[in-house]
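The following block contains the structure, expressed as structure tokens.
Every chain is named by a letter (A, B and C) in the order it is written, and numbering of its residues begins at 1.
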Amino acid sequence: MEKRVTFKGIWLPLLLVLPQILITAIFFFYPAGQAIWQSLFIPDPFGLSMQWVGLGNFEYLLSDRFYRASFITTAVFSILVTVVSMGVALYLAILADRLIKGSGTYRTLLIWPYAVAPAVAGVLWLFMFNTRVGVVTWYLGLLGYDWNHVLNEGEAMGLVVVASAWGRISYNFLFFLAGLQAIPRSVIEAAAIDGAHFWTRFRTIVWPLLSPTTFFLLVVNIIYAFFETFGVIHTITSGGPQQATTILVYKVYSDGFVGQDLGSSAAQSVILLIIVSLLTVIQFKYIERRVHY
Amino acid sequence: MAEHSGMVEKRGAGLWLTHLGLIIGVAFIFFPIWLAFVASTVSQPEIVRPPMPLLPGDQFFENYSKALTAGINAPVALMLGNSLFMALGIAIGKIAISLLSAFAIVYFKFPGKKLFFWLIFLTLMLPVEVRIVPTYEVIANFGMLNSYQGLILPLIASATATFLFRQFFMTVPDELAEAARVDGAGPMRFFFDILLPMSRTNIAALFVILFIYGWNQYLWPLLITTDPSMNTIVMGIKQMFPSGDDIADWPVIMATSILAMVPPVLVVVGMQKLFIRGLVESEK
Amino acid sequence: MATLTLNNVKKSFGKTDVIHGVSIDIEDGEFIVIVGPSGCGKSTLLRMVAGLETITDGEVQIGGRRVNEEEPMARDIAMVFQNYALYPHMSVFDNMAYGLKIAKVPRSEIETRVAQAAKLLQLEPYLTRKPRELSGGQRQRVAMGRAIVRKPAVFLFDEPLSNLDAKLRVQMRLEIRALQRELGVTSLYVTHDQVEAMTMADRMIVMNGGVADQIGKPLEVYANPATEFVAGFIGSPPTNFLSGALLGRASGIKLGVRPEHMRLFDTGPLRARTTYCEALGAETLVHLTCADGTQVTVRQDAAAPFPQEGAEVGLGWSSEHEMTFDASGPRI
């Protein structure tokens, strides 16, 4: 797509794009290039020189038990976060969509957790489930359940999933509600007149018409779970217990900054880069389709 | 009768069930925040002897003033200031450079335009998290650790906003630029007099999104602000937990959590329309 | 106020020629309409005069001065756009004043000029409104006002009425013409509507495929079209074309006869079948099909009897109304 009109001049536009070029080059392309470059080396024990290892870091990573475990952890975590937050959001959106009056009020009440940082959400949930002072922990104890996410891997995963999904409900709710409200009423009324009941209507009409929204949210939520949940994990579990909640991004951080294993951390960055690129391509394919209808 | 309902309106008992379901949802969303608020208004002994009360106590001013003025590692007021500065810097900085480059891409023909456009495309959606180590090194080499530039610059190096403004500029009728040319306006005059005012809503909507994005950053400030006086509030909360077996000062930590939520929540709720618009546009 | 001269003006995009060389001398105060179907290059020609498109070859002079390389602003022109191109965030006053502000005209002068234009266009009550708060006709007037306050040497109009409904269009075309007469500014007006061209133009340029087929006064062009295209494009219903073969004359040529010049007879060598008749009150249009399938329309007085649908009749005309065209288009 091109504008019919353009202004004359070469230096002015170059000057206009210069700030972005500079910032992107220095803080984006150079580091991304460095990540790729460093992934091909390992530093010597004293950090004085780098030794070329080719794809050695990658080979090592892929054969590393912990890294493979982290892959699976990430997959489980992402799927759970996506399903939980989208499920709850869809349920609430369907309810809100049924209301003639008041759906705006519920929307206002439901959207603002979007503004709560994942790290803060982590602290809130940590507080409720804290092994010593947590309210929920205490009431669970009354019921005879001994909650301890510090030691129990499943409970740790459950807690980071809920805390991550919690803040994401708003976002998904907004998109689902917009998607539902965009479905022409006449179509649903026609189905109602044809005698289709709620479930039939939902299954045969609403759900298919909502599928573009659902697909879009699926991709966006997976990206969210991959990258933006770092704060939740870091505040609640720090990747533990026994690395049970060490997702890939957390591992890049802990290997690179805590473990100082630069080569491996860089190789992990490159792998993440590839994953996120794939997700982006999928998303753009989708956007293209939506633009052209 | 005109019904606004995607699902054919419910009446009677069904309507109440619908409300009940929504109220449960709202309660689920609110409960953690309510609990945090309660905890920020009671004293430490009330918390460490579970179960803690479920209604606010009388320590509101004590806890909040302690947090704001003293904090644990640094006064929270200072961290709030850092967060505000960072969030504003990211929002304003990103909007400014994006407006300029989108203007250049849409309204000029210049060598390297295609290349530049594709570079921008590449940076879309690649979050800072995947290149943290080398980015950290760049910042360290520039001596930007514990500085606002270090907090802000790497986070504005992505092109989502450029892309957005480009999309918007493409929808501005060609005739407006032609009319401006006939009126004698040069490119920058057109940009400031016509394009910018026309983009007001888009700019505001994007500002809301970027402000929250900046405010809620965690990993990046965690890496580059080793000096507590440069901590942002969102990352500073975690630093308030004691290492080892000491018991955390929960009332102050929870007061800080509430304080960390207030500005972005105010922005979202106060600018709800713009926020929703910004969200939908930026994902298009 | 000035003369406007196009001297063999050409435009190509890459290897494609879109304007093949148009020349015209426009006198001071003349109202010239460029008319033609979409894609004929009429808007491009106008935009070249405006300075919004570069001129590949030839010369444009305003007031005797070559302006090929000048910016639009420096050409002393004002333009009214098809969709008005009003600045949506500015009030009516600011829209009209913008060009003057840029030209650093003193504030008091700007106010006087805008007030004058507003009065002329009956826009005085709307000066503080935004464009979106105006009706289509009012927006059109603001666009006119923006052109007037500049006091340019030449007005350029790019299909300014095509976004209005039919009734308003008739009214506005009278207004524009009256205004232009009053101000006496040389004008170049682009339209695809031949009625607009006929009613507004002092002279018109009929464009076809990047070529100016004919330049002349509307009635001259109507009475004496230079090409088959002009004969077909100007006039409604259009000129009837009959092939030489059908009439038993030299094959390859075409004969054009305007509907009002054709007559129906009971007998005659050229037979046609009536397809349907449109009685419009003042006149009746009779549509017929000839033996070789050619469609023909006859316009006759409402008082005249018209044939039944399906009836076969004879067609005739007096030879002075015959227009003969070469197979490639030009009049013979």
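The definition used in the following text is that a residue touches a chain if its C-beta (ideal position, glycine included) is under 8 Å from a C-beta of that chain, and two chains touch if they have at least 3 such contacts.
Being a predicted model, the structure only gives us computed values, none of them experimental.
**Student:** Go ahead and name the chain pair joined by the largest number of contacting C-beta pairs.
**Tutor:** So the chains sharing the most C-beta contacts are A-B.
**Student:** Mean of the CA atoms for each chain, then the mean for all of them together: which chain is nearest?
**Tutor:** B
**Student:** Just the number, please: Cα centre separation of chain A and chain B in whole Å.
**Tutor:** Taking the average C-alpha coordinate of chain A and of chain B, the gap between them is 16 Å.
**Student:** Per the centroid of Cα atoms for each chain, what is the distance between chain A and chain C, given in Å?
**Tutor:** The mean C-alpha positions of chain A and chain C differ by 59 Å.
**Student:** Just the number, please: Cα centre separation of chain B and chain C in whole Å.
**Tutor:** Taking the average C-alpha coordinate of chain B and of chain C, the gap between them is 55 Å.
**Student:** Residue numbers in chain B touching 2 or more other chains?
**Tutor:** Within chain B, the residues that touch at least two other chains are 178, 181.
**Student:** Mark out which residues of chain C touch at least two other chains, giving numbers and ranges.
**Tutor:** Where chain C meets two or more other chains at a single residue, that happens at 52.
**Student:** Quick one: which residues in chain A touch 2 or more of the other chains?
**Tutor:** As it turns out, chain A has residues touching two or more other chains at 5.
**Student:** Which bits of chain B are touching chain C when the two form their complex?
**Tutor:** That would be residues 173, 175-176, 178-185, 189, 193-194, 197-198, 200 of chain B.
**Student:** For a test of understanding, state which residues of chain C touch chain B in their complex under the given definition.
**Tutor:** 50-52, 71-73, 77-79, 81-90, 98-99, 102-103, 146
**Student:** Taking the touch rule as given, give the residues of chain A at its contact with chain B in the complex, in rising order.
**Tutor:** Residues 1, 3-7, 9-10, 12-14, 16-17, 19-21, 23-24, 26-35, 38, 88, 91-92, 94-100, 102, 106, 108-121, 123-125, 127-128, 132-135, 137-139, 166, 169-171, 174-175, 178, 180-181, 183, 185, 188-189, 192, 198, 201-202, 206, 216, 220, 223, 227-228, 230-231, 234-235, 249, 252-253, 256-257, 262, 265-266, 269, 272-273, 276-277, 279-280, 283, 287, 290 of chain A touch chain B in their complex.
**Student:** Which residues, counting only chain B, touch chain A once they are in their complex?
**Tutor:** 3-10, 15, 18-19, 21-22, 25-26, 28-33, 35-36, 39, 47-48, 50-52, 54, 96-98, 100-101, 103-113, 116, 119-120, 123-127, 129-138, 153-154, 156-159, 162, 170, 174, 177-178, 181, 186-188, 190, 212, 215-219, 222-223, 234-235, 237-238, 247, 250, 253-254, 257, 260-261, 264-265, 267-269, 272, 275-276, 279-280, 283-284
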